[in-house]
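Heads up, the next two complexes both have subunit A, just with different partners, subunit B and then subunit C.
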Partner chain A sequence: MHTIANLGLLFIGAALINNILLTRFIALCSFIGISNDWQTSVGMSLSVIFVMMMASTATWVVWNYLLLPLGVGEFLYIPAFILIIAALVQFVEMYLRKYSPMLYRAMGIYLPLITTNCAVLAAATEVAKPGFFKMAIEYNYTFGEGLVYTLGVAAGYGFALLCFAAMRERLDIAPVPESLKGNPMSFITAGLLSLAYVGLAGWFGL
Partner chain B sequence: MREWIRVFKDGLSIENPLTVLMIGLCATLAVSTQLQGSFFMGIAVIFVLVMSNVLISMFRKFIPDEVRIPIFIVIIAAFVTIVDLFMKAFFPPIYAILGIWIPLIVVNCIILGRAEAFAYTNTVWLSIADGFGMGLGYTILIVVLATFRELFGTGKLMFLGATLISLPSGYKPPGILMLFPGAFILFGLLQALSRKYNEHVTRKAR
Partner chain C sequence: MSEPLSKRIVGPAPHIHAKDSCSGIMLWVLGALAPAALWAVVSMGAPAIITLVACIASALAAEAAWNAIARKPQTLMDGSALLTGLLLAMCMPPRTPWWISVAGGLVAIVLGKMVFGGLGWNLFNPALVGRAFVTLSWAGVISAQTNFGWFRALSLPAAGEYDAISGATRLALAAADRAASGAYGYDLAAQYQPLLFRNLEGSLGEVSAALLILGGLVLIARGIIDWRIPVGYIGTMGLLSWAFGSDPIFNVLAGGVMLGAFFMATDYVTSPMNKNARLVFGVGCGVFNVVGRFFGSMPEVTTYAILFMNGLAPLVDRLFRPRTFGWVKGE
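Presenting the complex of A and B:
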């Protein structure tokens, strides 16, 4: 029972209270770049959840069974993790293209973009090398907890992205001063949205 | 030489990575709470950008098209690791401020974006100009943003332990400027300003 409550807290903390987009500024490029279309946002969110789970699994295994025992983690973790993510994304793309054209059509175009999505690198590194990110409580994740945490981060990313996409669709028809039109106004809207997330800070002591 | 200057200037104004191309935003908004952190972040980005541009454009004839993204990433990760370890060793207080944002330069879209869009198709000499221009454009913007946020958000401006300017003691700083929403809103306004400036410049050029 205790562990289930703990896992729930871990999930909520990662998804809402320490939301990766609006309270950490990670992965903003995709947040601004993709959110002008609802359909695209849905595809991107799903792809991020998918890739992030796989990336965290891979980095956790590599860190705990390869880098840490060899004692080279401190200076090899950046190249190692980013290479894992890049390779993983490439494989997933090839696999999907061959075996699941449906899924490939839905998320194919977002997959290459995810390589440079900082959210994936940040979450995967946090799971493998805790304290790197000072996101939630400093914590040595077991494998299961790492997965729950990643799911929380990815779900929080998707939720914030979809919220923002919905707001931007409304913004297109709103009367906005000439020089603020487009991106500047989107940033101001994002600021207001993140104000709502600031209100959640400190819940459950997370 | 004239071409060199033109490429250099493009990075500063009409192709400014932050306000026009809107890439590499994550670190900008997160780091810009303090002047000194932003300044060193800018230097780190200039270093990584110029070095990776040079190396990639040197080897552009040997890099096969299909695997160019992983190769770019490994080159960039190597330089980021250099910066990471260098700062950790020689500037520990700065490293404590910047923290995770140094490793996250790897996935900073500016660097991969310039490698792909410029260095991969241009000569070494021009790639240096592009790296310097883009890096400087980034640094100027992040420093302006940080100056404003630190001065009005905390009431004084610090650099390497010395107080540069401090506002009269009756000034009550609005806390929102140091929080996440402040960054978004301020950046939106800054972007509107720089768009006005760019329109002005292009109209004059015509």
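Presenting the complex of A and C:
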């Protein structure tokens, strides 16, 4: 029971309270770039959940069974993780194209985008090196905890992205002053949205 | 606006003229809020007047200046800037330095409303944007303001050993008592009467919950605000705080819930359009508010609860979008 409650808190902490987009300001490029279209945002959210889970799994294994035993983790983890994530995404893309054209068509265009998405690297790093983001909850990611955390980050990413995409549909038709149209207005709105997330700070001591 | 007449589509009869207008509705809301504001001025005196004037004047000036600079038609007469200024003042502590109130009014109007294209296009409640901005920017200045002298009457029995609670609101006292698992014996039921009629600890809008409820009920009866949002909000607050083992009536009356539920969450522009979606919106505000109070780091989170749900409103509206008849899905 205690573990389940802890996992729940870990998920909420990763998804909402420490939302990767609106309180950490990581992966803003995709947040601003993708959110101008609802369908694209839905596809991107699902793809990010899928890729993040795989990337964290792979980097967790590499970190615990390769980098740490060899004693090179502390200074090699960033290049190693970037390489793993990029290679993994490329392989998935090739695999999907050959074996599941339907899924490839739905997800394919987002996969190259995700390769360079810093949120994936951030989640993978946090799972490998707990404390990277200084969450106040006690944890020392086992494999399961790492997956729950990653799922939380990805779900929080998707939630914020969909929220923002729905808002931008309204912004698109608003008579915004000419000089603020487009990205400036997106940043102002994202700033106000992140103002609302301030109210979540410190919930459950997270 | 200036398209040729032939392009206009005229729907079938009957055409019924509604007398409601934008400024008319604003006047009703202002009127409903006026008793609570006046009573706050009577009870709190000069500091309340300074806050009210600073907020309202800066909101009006910001709107006028923006329209003048942007060469847009002047929109002061729709009353929305006046209402934003009043709402902002209602959620400020009376001893807030006047320049903070002025900054709040400016941010509320410019960042909260005008950059989006003016009234009807803002995604967040302007007054709450202003309040969140100033409370985050000058948190130290605002909380360092001394409160009124008569706070002693409501202090905890054990107050002697604490110097820091002198300016605390009833919610903060209740939270401190809860954190000490009831060691101070803070009597929640004894707070109903001051919270309803004359509570001087907190912002202008916390002086009298009874007058706010009265104003809110008038607005509901007039059909100006939808009952679903306040009922969802306040009902959820009561039920959940009861479930968390606290006094539901105290939790509903204390803090900014009444002001937020009746006057802020019900803002047409920033709440969902669909009726069921509005209920969801109200419940969401309530859940955020209760959980923030009981498990968060701040004693009160009404501002953020409503801002958060404002941000969610377009998404909620999207999920509740009614089916279009006469079309095959995917065509």
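In this text, the second predicted complex is superposed on the first by the 202 of 206 C-alpha atoms of A that agree within 3 Å, B and C clash if a C-alpha of one lies under 4 Å from a C-alpha of the other, contacts with A are read in each partner's own complex, and residues count from 1 in each chain.
Just so we're on the same page, a residue touches a chain if its C-beta (ideal position, glycine included) is under 8 Å from a C-beta of that chain, and two chains touch if they have at least 3 such contacts.
It should be emphasised that the depicted structure is a prediction, and the values quoted were computed from it without experimental measurement.
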Exercise. Which chain makes contact with more of the residues of subunit A, subunit B or else subunit C?
Worked result: B
Exercise. When the two structures are overlaid on chain A, which partner does A:V72 contact: first (subunit B), second (subunit C), both, or neither?
Worked result: neither
For this session: For A:C163, select first, second, both or neither according to whether it touches subunit B, subunit C, the two together, or no partner.
Result: second
Exercise. Of the two partner chains, subunit B (first) and subunit C (second), which one does A:L195 touch, if any: first, second, both, or neither?
Worked result: both
Exercise. So, does A:M185 touch the first partner subunit B, the second partner subunit C, both, or neither?
Worked result: both
Exercise. Where does A:A86 make contact in the superposed view: on subunit B (first), on subunit C (second), on both, or on neither?
Worked result: first
For this session: Check subunit A for residues that touch subunit B in one structure and subunit C in the other, and list them.
Result: 180, 185, 188, 192, 195, 197-198
Seminar exercise, completed: The subunit A residues in contact with subunit C across the complex are 38, 162-163, 166-167, 169-171, 174-177, 180, 185, 188-189, 192-193, 195-204
Seminar exercise, completed: As the complex stands, subunit C meets subunit A at residues 70, 111-112, 115-118, 121, 123-124, 129, 132-133, 136, 288, 291-292, 295-298, 301, 303-305, 307-308, 310-312, 314-315, 317-318
For this session: Enumerate the contact residues on subunit A facing subunit B in the complex.
Result: 22-29, 32-33, 75-79, 82-83, 86-87, 90, 112, 115-118, 121-122, 125, 132-134, 179-180, 183-188, 190-192, 194-195, 197-198
Problem set entry | Residues of subunit B that touch subunit A when the two form their complex | 22-27, 29-30, 69-70, 73-74, 77-78, 80-81, 84-85, 99-100, 103-104, 106-109, 112, 176, 179-185, 187-189, 191-192, 195-196
